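Next up, some structures in structure tokens.
Both of the next two complexes hold subunit A, though its partner changes from subunit B to subunit C.
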Partner chain A sequence: MSKKILATTSLAGCFGCHMSFLDIDERILELIELVEFNKSPIDDIKTFTKECDIGLIEGGCCNSENIEVLKEFRKHCKILVSVGECAIMGGLPALRNGISIKECLEEAYLNGPTVGENTEKIMPNDPELPMLLDKVYPCHEIVKIDYFLPGCAPRADLIWNALVALVTGNELELPYEVVKFD
Partner chain B sequence: MKETIQNVIEKYNRDRNRLMDILIAIQNMHQHIPEDAVSIIADQLGISKVDVKQTITFYHFFTLTPVGEYAVYLNDSAVANIKGRAEVVQAFEDELGIPFNSVTTDGLIGIWDTADIGMNDQEPAALINGTVFTNLTSEKVKSLITGMRAGKDMLELMRVIDAELDGPELLSTMVKNNIRQKGAVLFSDAYEVGYALRQAINRTPVEVVDEVKRSNLRGRGGAGFPAGLKWDFCRQSRGEEVYVVCNADEGEPGTFKDRVILTELPKLLFEGMAIAGYAIGAKQGIVYLRYEYRYMLEYLESILQELRELNLLGKNIAGKAGFDFDIRIQLGAGAYVCGEETALIESMEGKRGEPRNRPPFPVQTGYLNKPTVVNNVETLCSVVQVITEGAEWFKSFGTSDSSGTKLLSISGDCKNPGIYAVEWGVTIQKLMRRTGANNVQAVQIGGPSGICIGPDQFDRGIAFEDLATGGSVIFISEERDLLKDFVLNFMNFFIEESCGSCGPCRSLNVILRNKLLKILDGNGVEQDIDELYKWAGVGRSVNRCGLGQTAANPILTTIENFRHLYEDLVQMNESFVSAFDMESAVAESCEVVGREPNLSR
Partner chain C sequence: MKKAEKITFKIDEKTCYAWPGQSIVDAARDNGIYIPSLCHVEGLKPAGSCRICNVTVNGRNMTACTAPVGEGMVVENDTPELNELRKTIVEVLFVSGNHFCPSCEKSGNCELQAVAYRYQMMVPQFPYEFPVKGVDARPDLILHDRNRCIMCKRCVRGIEKDGKAVFSFEGRGGEHLQISMDIDLASQLSEEEAFEAMEICPVGAILKKERGFAIPIGERKFDKAPIGSEIENSVEQD
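So, the complex of A and B:
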């Protein structure tokens, strides 16, 4: 059996889901027997070099770059999985969804207590920068998502079990301890 | 201000349980509950400010900011919308120059949305400072605004639009009762005030309970629990102090039969409560009257006084030594969930109307934690006829599982909306003929929490064992957009009215509504219909009260009976459609920071 190819990314997330992924500890040695990593912060491959079987998405979409990356993932991965609250619902970043983007930017760059001197009242506007979206979107509103792994972050065991199930084609094991959240 | 607030609090004996009454009085005086008032109330009642605030913020008609000297609350029910609400909204907004849900800068007029106010047979309708204005049009709105600007009082305002006023003096109102069909049990001409009560007190309380049990009278508020059995359970609780509560919250959109009973037959209702009081050994009865029916309050109080003078309420009633019973009226403040009996009890105790866990049931631990019988208005009225004519007579009407008659509130697309007293078992087809309903696409039975059926089921009958209803029947004609005009409106209603205690009720209904919107906007795929149906079924088993358990029924029953309407809207051959549009999503942020959107990719 040839190895399945895995890609992962963090969009508008805190990298906590990736950290949780790494909490599989020594099982990472088993994992690399099962899969080959492609685009992912784990091996630092920055662009897709192969068509992939599985894409894990952490974080929702808060800017134009997130949208592009997510669409790239959809194009190159057979199966896409939303990992964690941010990817599934927008999560913490989506707290800004009830506030106008103008107010958010002014708080961040002009009025906030941690803003230093900004006499020219500049807000980041370099054309190279990603553009902020009007709100934070969950991934499944942008592209088709095949599976959802809930949690903030989902437990390492849940990520592990899900990956093993996807790779081997066996049923996913979901013992209570793995999906309880408090 | 301090003094007037102080007086209000004294009037209710600084009783924490009367917080609703205190807040209603202050809201009326100041068009909101001022921050200072919150402090004074908390201080005087010996509760925290948060306790006061959490009650205030729960109810639609309590506000922390002023709602306008004239506060206009325009009904937003589905039927109001199909009867021309949009035109009325437009007229208000144009004339006042403000959007809905705001107040004019001079603070004179506020215009607000509100959930069904029980006037489905005369929509569009609004409450202005508690007075009902029905059959509104844009012309009438203009006259009303001129009248409000001239500082007219409510009676004058009704005259401004040439309203034909009905009812006795204390109840001068535009509201029409539209009784289209009288029945043997209710609205029969045979009713004689006090007769049944005198019959009852000549028997033992247990005999009265037995008679009601034998009649198979089932609760008319929706759930259909046998009334006699409920009374029996209450007796078995052996409380020293027990209560009879009449549920006159009538919040299910499309139901207005209790309103008509309260205006036409208040004595029948109060007599029924007294009989219940005798049967379970209660000294106190309470009518929980929805705020939307506040316009009847003075009138109902006067009827209570009349009954006291007839010695049908008060002490040693009808000469029966030791039988003391009186009734007070408790106003609500705008919350559908307070129709649920345990939420209603919480509300009567001055708290947020959050349903309690059951068991214990109200017959064990109810108002002030004492055994309490909560019955619907119509149930208590039916009791009077059961006692007068006997259980056998009562059972001769209706079907085997549903004895007696039922008042239906019929509205929507039919020629003669109004009240129909029918025998249980009557079919939808028959109702359509009687009410003049043509080209009917669907019938919504039992309000939003009930079911929506199509023509292939119009031979079914209204009965607990078939199409159960607390009284609401809405005809929906072929020209209506069933999903947008009704299902979406109903889902928004439940989202607005959820008390928020249970996660699935609070969140899942929003998720379902948003998915429905996705489909309505043309961005749905077939999988969305299947997921909607699957998810909608979850609420029934995971929520605490009937609201959350039935909130997804509009979606469930229309997917079951009108799946083609959904299929027509979704993109059947696609597996995914996104509504996301980059250009509009980045427009604002680019403008704020001052850059050109780069949409090349």
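So, the complex of A and C:
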């Protein structure tokens, strides 16, 4: 059986889901027998060089770059999986969803208690910076997502079980302890 | 009392016994059968507000917390249709509030989350509303976070100070409906009463201050076994 090709990314996430992925520990040796990594922070391939079988998405969409990357993943991956609470429902970044962008930026760069000297009252305005979205969106409200793995971060066993099930085509085992929202 | 004085009825083929007037949900529990409920607490007047305890009797759905058992009644409970309906209700509750489980002190002890685990909700099928709701942290011992409220009315029915309700509905008749807290009464709650207030709330909308994350992950109420398993594992007495 040829290896399945796997891509991963972290959008508006904290890389915690990727860290949890690495918590599969020595099973990573089994994993590289099952899959080949393409675009992913794990191998540092920055652009797709192949069409992929599985894409793992960490984080929701908080800016225009997240949207672009997510659409790119949808284009190049046969199966997309939302990994973790942020990808599934926006997560902690989505706590800003009830607050206007203006208020958020002013708090972060002008008025917040940890803001140091900003006498010129500058907010980041480089045209190369991605634009913030009006709110943080769950990934499945932007593109079609095929599967969802909840958790903050999802337990390593959940990620492992799901990957093995996807690669081998066997049924996914979901013991009670591995599916949690925190 | 002897069994003869109880009513006989059936839940999913199992013969069960109930006291006259007992609700289906309470009787089911006494017979070792779990019917999920969020708004219902034994001892409080039933509200029938969360709808998750829907069961089918005579081809019609009804809330098992408000419907009394009748002699010879045949109740359908653990069916694919009802379980799917319950999962859908949980999904509606999740998208219509702001349920950020990872940052919630109630996580692991939350009944809404526990029911979602039980019915294996991986993602709600509806779009998230992200409604704008307020937090009131003025009382010394408790805080009230409306973002997590599921309008079950357990606090309205169950939290009193000197015989007066601490929480009540306000803004009835429209989208402004919410639970309001009487700040004077809430400020007078004792340590013990504040703890009870937190316990009566099924979610993290009423929290006792300075108690968050007291129990480590892995040892909380619903970390190891699904909600209702304590009922299903209880030994039948008669």
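Heads up, the rule we're going with is that the second predicted complex is superposed on the first by the 179 of 182 C-alpha atoms of A that agree within 3 Å, B and C clash if a C-alpha of one lies under 4 Å from a C-alpha of the other, contacts with A are read in each partner's own complex, and residues count from 1 in each chain.
Just so it is clear, a residue touches a chain if its C-beta (ideal position, glycine included) is under 8 Å from a C-beta of that chain, and two chains touch if they have at least 3 such contacts.
These figures come from a predicted structure and were not determined experimentally.
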Inset, instruction - In the superposition on subunit A, see if there is space for subunit B and subunit C together, and answer fit or clash. - result: clash
Inset, instruction - Identify the partner contact of A:P154: answer first if only subunit B is touched, second if only subunit C is, both if each is, neither if none is. - result: neither
Inset, instruction - Examine A:M131 and indicate which partner it touches, taking first as subunit B and second as subunit C; both and neither are also allowed. - result: first
Inset, instruction - Considering only the touch criterion stated at the top, classify A:G98 as touching first (subunit B), second (subunit C), both, or neither. - result: second
Inset, instruction - Give one of first, second, both or neither to describe whether A:E141 is in contact with subunit B, with subunit C, with both, or with none. - result: both
Inset, instruction - Look at A:V179 in the shared chain and tell me whether it touches subunit B only, subunit C only, both, or neither; answer first, second, both or neither. - result: second
Inset, instruction - Return first, second, both or neither, reflecting whether A:M123 touches subunit B, subunit C, both chains, or no partner chain. - result: first
Inset, instruction - Pick out the stretch of subunit B that clashes with subunit C after the overlay, from 45-53, 315-323, 477-485 or 585-593. - result: 45-53
Inset, instruction - Name the residues of subunit A shared by its contacts with subunit B and its contacts with subunit C. - result: 135, 141
Inset, instruction - Using the touch rule from the top, collect the residues of subunit A that touch subunit C in their complex. - result: 82, 85, 88-92, 94-95, 97-98, 135, 138, 140-141, 145, 147-150, 152, 174, 176-177, 179-182
Legend entry - Complex interface listing, subunit B residues touching subunit A: 575-576, 578-580, 582, 584-590, 592-598, 601
Inset, instruction - Could you please specify the touching residues of subunit A with respect to subunit B in the complex? - result: 64, 67-68, 100-102, 105-106, 123-127, 131-135, 137, 141-144
Legend entry - subunit C residues within the subunit A interface of the complex: 94, 98-104, 107-108, 113, 116-117, 120, 122-124, 127-128, 130-133, 217, 223-226
